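Take a look at the structure set out below.
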């Protein structure tokens, strides 16, 4: 693949921005959670793009993939906790919308 | 060591009171009275034992110092903060005033503190420690420490035992004072960075050499904190509220000692520590003082609430102190110092008297009275005496201070002196107006006709102050003699500063005696 | 690197550095196992306290025992006297939170063991954050702190507010984690390194000035700002603090914040000097947001949440000072340590007492505090002490911290910001005083509505006394704390 | 050739991401997300990350998305429509416009930052270049330099497990109901 | 100033009355304590007059002793001093508290203690039965103490202590019957107006310190007297010092424009009016000027100013006294007028003449007041002369002695007032220029004086009895009251021998006696150009003119009123505006109220309400309110919605990114 690293980073930025956008506009908690996953994937892509760049320059390049592995692991953990929280919310409110969790304010 | 004992004896008393059961009010009052009496005895003993340091540079007779903690600055060199107390003439006078006033205050509470006696006594005693510490601390950090600590007890005293609007008054007092002192904290931080020491003696020796602009910044921060506490003219509005709402004893301590912390600070830090800035700022400070005198007097004249009237008169009286101190002449400095004590005595007495009246009549409105002298002749006697002392009648305490202040300020700025002089007139106006409305005329109101005259306790508790008022008026040297050398030293520093900043402010020279003498 | 020197990495030094974490991990596992067997409450308590105590002792050993291990495990983790002190702060905050939680929940509430496990896990996370010299380690520490806290915040899952708190905290936390990761990736892309020490090299520092690295650093900062609740990343704080069980709130208010600042102080290398003004500005705005927010509250817990925001702002001013000044100067670190230590004792005590009062019925509002000085004089006086310490009045630990942090700011020529900050702390006193006013100077409007106080548990009493003693001790005799840090 | 594939995949990934936001039902979002994940996985592969590509499929697609699906089913949120429908409702309204502006700004900041940052010129890689994330290298890093986070992750996973149990386990008999009737709605089946 | 051996006994002159005051006060308090239960409790108070009079007598005897001792000395060495060193030695101000008995203070002391003693005796009868009997004597003795301090003090600060002390006692005594209300107001007014003067006094003292670096009176006088020339600045300072000191005198000695308190001060008991507001306190201004005569002599334009003010005051007082109906008011305005005379004398440089008039005035005005008091006493507290008449039959002793006083006041030939007044007029005339006009005013005032004095005599003692016979039974006062009257009558008649005019070729006793004090001032005045001596012929002419005016107007005044009040009523009808203006002392007092007091009062309310409450405190409270408002507004950001929190976070992160990227 003969693509400049910058283009990978552009893609990453786009994914990140979409994740951020989704997080801010969607009301369904599950979808919001998915948007977080999008952001994490964008980060991963950036890590790997950077790693590839460093590899091409002949520098040590393994930190990127390692971080990505950790990110994937943590993403799984977060997803699990997040979904458990959604279940807990749904039990109380019969809803998985963020509006159901807007009782406290001020 | 005496100083440590003096400072922390009240705190010990407070702990003792804390250990008593809540219902044992007699015991609590007793402990508090005994403690303050002990402190008073100690204070008087220190006063009598204080020898004016000789010209050979002998150390001050009383001092105490322990390393307290280290602040981690100055490029790796930590700044050692000391727990150091020391007494020179200036603090001696303030300490003695505090020590003597407190048993009187405690004794006065018999009449008006009925609920939550235990807490009251604890706060009173804690406050005394705070005040004594403030006057005795010769470490900048320690001073600030005591300075703010003494704020809290009054907050409670006003807030719990105060009048109707007590919450408003106490919060206003607290926040207002705090705002000033926090800026002072920033200045203290800066000074410590600049000099690497928090020892007052060293700072006094060193800070005179810092550039004027820097001194002026420090001065501004300190003067704001002290000015609010004093209170100096535009920052005074917390005082009438606090005084009006405070219980009698709180008012007495507030007027008698706490406000003096402000003027003491002005003298100790703004003038002694920052002489060049003091010289540069003197015209402004004198203006504030002089206008404050007039303003406070006019303000007092318009009041209908007795306590508020006295509070406003405090603004006026403390204007004298500031006017005198910032005249920066020997007479002005001494007069300001003396006036601090005088105000403590006179205004303390006034508040005590108003309190006694309030306990009987439950009103402080001037209109509610009239002809009280007929039913309470002894009260009238004390009141008139106090009013005269407050108005600066020669032979009583107020006069010498006022005279020296006006003389001193006349020497450095005739204009402000003359404006301050109007206070002499208006002081008589509002005080006599209040006296006339309250004491004189026919006693027609049936509620007033039932008033009983002062009892023995009330007379006894006021007597020490009365004696002091006369003594200070007749033989001021007995008191000021111990202060003079220190004030003279301050005066010398200021004189040096004046010469170095002569370009800034034209100084009216003291015309020497006529040539032929 | 080959398989042989893999083992060599785990030398005695590394073990000594990790021992406090291992002690906690061990305790965590044991507590978890203890839940399997029908063992009494005492066993669990013993295990929790023992593991925390062991961790504290090990930290203490690092602090006082001469040579510290320094950087271990290929430079990914550092164990210095500073991290040891932070460790003690974390242990203390966890311990206080735990002590206050002992009788907080209903007798028959489920998952008590799990609760304690999660608390211990957060402590490990904090220590990882404080000692991290590599962004990966920090990230794992951050998550190890966060994930258990998400669950703890929602621990009373039968209460909507608790779940709401957990969910909000979680979602925004994940959002912030996304920022962090993306930012790390950008930093990595520009500099080729994730190690803070490598980033301090001149070559890397030059790379850090590149736009992409700056954006990366900004995103990392944003995520840490979220954790320590700095404007405008602070909005979750009041809701989450209010909804979470109060002992958990105490943990969040003290431990999380301390860990965040511990990382900020050790990651200063990422921040170029030019950012100082921005950070100081953010700090001041944060103080304003926190203080003004608190001023409008009547629920004391929520008020304290806002107050926590303000305190974060104050500390951030110290960070700004550290950025602006010479980073090699140790004063800012010491200032933040002292501030945090005092704050932990104060806030833990305050929240703990709120936890105690909640058991008397309902949330603690200014209204419900009225006349407390008559009903519970000791609680009232302790709460007063904590309020004054939060307000930074001398003779309390809060003053010392405030003094040091502002002096860092003044030292770094951020005096203007310091003055604004100082004035904002007058606003702060405005609401702290209202608590005192309610307790001491007002009486309840309907005496009948005031339920009889329930006695405090021994754990609560102990924790409160220790907190109060610490607050006073740091306030009156600050020497020992300054020596330690 | 592979470059063109990258751009196609990039488009797919972006469309998938957009789909997540725009899908009417959560189920649609999951499907879109799956598309993105796959596209990314292939890109990883193209970029020379074999292990990561596998992990992406295994963990994300295989585990996380299944978890999502599971929850959606559990909460009966999937019934809203089996067809994949788009809805632009979330992007309407003032707040959404603001959010859109922020997102665009983020993208721009990312783009500009990447563009203005000088990275060393890429040389064309050999077609059969070994994977950057070779297993041995990864292992040495994970168990060597990063052994601490690696072990910490184990604690993290343990804690996650505990957390999930605490949050999601069915309530026992006699446990207090929630403020809004835990027994009735708290346990949907 | 060479110092002499210490005469510590001098202290007893003021201290005796102080002691008396303390004891009398204690007696009063003793009655207070017992008043509630015991009707006989006022018994201790009846001791008070004995104590007070005893103290006065002792003091008088000591004064006489001092006088005699002084006489033994050479004129130039007539100083007896006793000094307590280092009384105040604070802040560069070193003041010794010292007493100095020299010819000037010895004259004053004799008058104060002598006349004072008589008035004390009188008062013991007059005040009998008052419930504040003891208190009254305590105040009275205290007053004498302060007055003695005033005249005996060797430093200006000591003088000021006495100065304010007499003001205080005056305040206390004017307001003695405070239950009535208006005396309390009058007392307040007196005190405040005196304070205005005192403020001037203080400025004067500051200027003196600036000039001389001391407040020692003798040193100041000596320095001025022996200095050949002053720089311009010093001369200006001297003039200003003199001016401000004179300002102080205006307050104390009731000169225009500060005289309005004195008529009101008649609210006090009559002995007080006699002692304080006629014989002693009000003359302290004259004493001070004489004491510092070199300063005033060297003060240039201030001296004519003093003369003008004096003449003006004399005229205002005299003309106002014409129409008063209250007998005490007549005497009060008469006092104002006579004090004006004294200042006219001082302004003419006639120090001895001024003091001569002080002495004679003390005799006859005290006599008149006491006589008036006797009348009032006999008439059951009636003061309106229109309700008197024909009293000569009822109270013959009072009548006779009153006549003597009236004759002296109106300057009937050969009586004491005649000589002192004519000496003043002669000195004024001798100065020439501007002073001719002042002399004319003085002469006019002399005419007015004769007229109103005899109007008063006629209305009170002659004509039909206009009082209500059912309620008022005029009676002669007891001996304890009439005896002092008689003594004073003799003094009023014979007092003139102290200062016989030079034309008679007998020594002017008082002038000679005072010469050591006044020489310095006279010497300075003598240096100024101008004719200072009158020819004998001119002196005779002036004497004759004076006699003629006095006799003529006394006659007119007496006859116009001897048959009743018709003349007064006619005048009031015919010239209502003039009558009102005169009756109200040229409406100066009401002008004060309108021009000074009212605006100040309004300013005070303006400050209290608008400036203080609204502006300053409004700013303070506004700060608090603003904080609360900000707080309420800031709550809106925390709306509970996850999306908006995220929005804030996103925006924040973006802002930081942008800031740092482009920083």
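Order of writing sets the labels: A, B, C, D and E. Residues in every chain begin at 1.
Here is the rule we go by: a contact is a pair of C-beta atoms (placed from the backbone, for glycine too) under 8 Å apart; a residue touches a chain by one contact, two chains touch by 3 or more.
Predicted model, so just to flag it, every value in this text is computed and none were measured.
Under the touch definition stated at the top, chain A and chain C share these contacting partners: D, E.
The chain with its C-alpha centre at the largest distance from the centre of chain D is E. The highest number of C-beta contact pairs joins the chains A-D. When chain centres are defined as mean Cα coordinates, E lies farthest from chain C. Relative to the centroid of every protein C-alpha atom shown, the closest chain centre, again from C-alpha atoms, is found for B. Each chain gets one centre point, the mean of its Cα atoms, and the points for chain C and chain E are 78 Å apart. Centre-to-centre spacing of chain D and chain E amounts to 102 Å, using the average Cα coordinate of each chain. Rounded to whole angstrom units, the spacing between the C-alpha centres of chain B and chain D is 70.
As a whole-number value, the distance joining the C-alpha centres of chain B and chain E reads 37 Å.
With touch defined as above, residues shared between interfaces to two or more other chains in chain D number as follows: 95, 99, 102-103, 106, 109-110, 112-114, 119, 146, 149, 153, 156, 160, 163-164, 167, 178-180, 182, 186.
Within chain E, contacts with two or more other chains are made by residues 624, 635, 638, 640, 642-644, 646-647, 650-651, 657, 661.
In chain C, 136, 139-140, 143, 147, 150-151, 154, 157-158, 160, 166-168, 171, 175, 179, 186, 189, 211-212, 214-215, 238-239, 296, 430 are the positions where the chain touches two or more neighbouring chains simultaneously. Listed by chain label, the pairs that touch are A-C, A-D, A-E, B-C, B-E, C-D, C-E, D-E. Every residue of chain E that touches chain B in the complex is listed here, in rising order: 29, 32, 86-93, 157, 160-161, 163-165, 168, 171-172, 175, 178-181, 184-185, 187-188, 191-192, 195-196, 198-199, 202-203, 205-206, 209-214, 223-224, 226-228, 230, 233-234, 237, 600-601, 603-605, 607-609, 612, 616-617, 620-621, 624.
Residue ranges on chain D touching chain E, taken from their complex, read 95, 98-99, 102-103, 105-106, 109, 112-113. Listed in rising order, the residues of chain D touching chain C in the complex are 109-110, 112-114, 116-119, 140, 143-149, 152-153, 155-156, 158-160, 162-167, 171-172, 174-180, 182, 186.
On the side of chain A, the complex with chain D involves touching residues 1-22, 24-28, 30-31, 33-35, 37-38, 41, 44-45, 48-49, 51-53, 55-57, 61-63, 65-66, 68-70, 72-77, 79-81, 83-88, 90-94, 96. Residues 643-644, 647, 650-651, 654, 657-658, 661 of chain E are the ones that touch chain D when the two sit in their complex.
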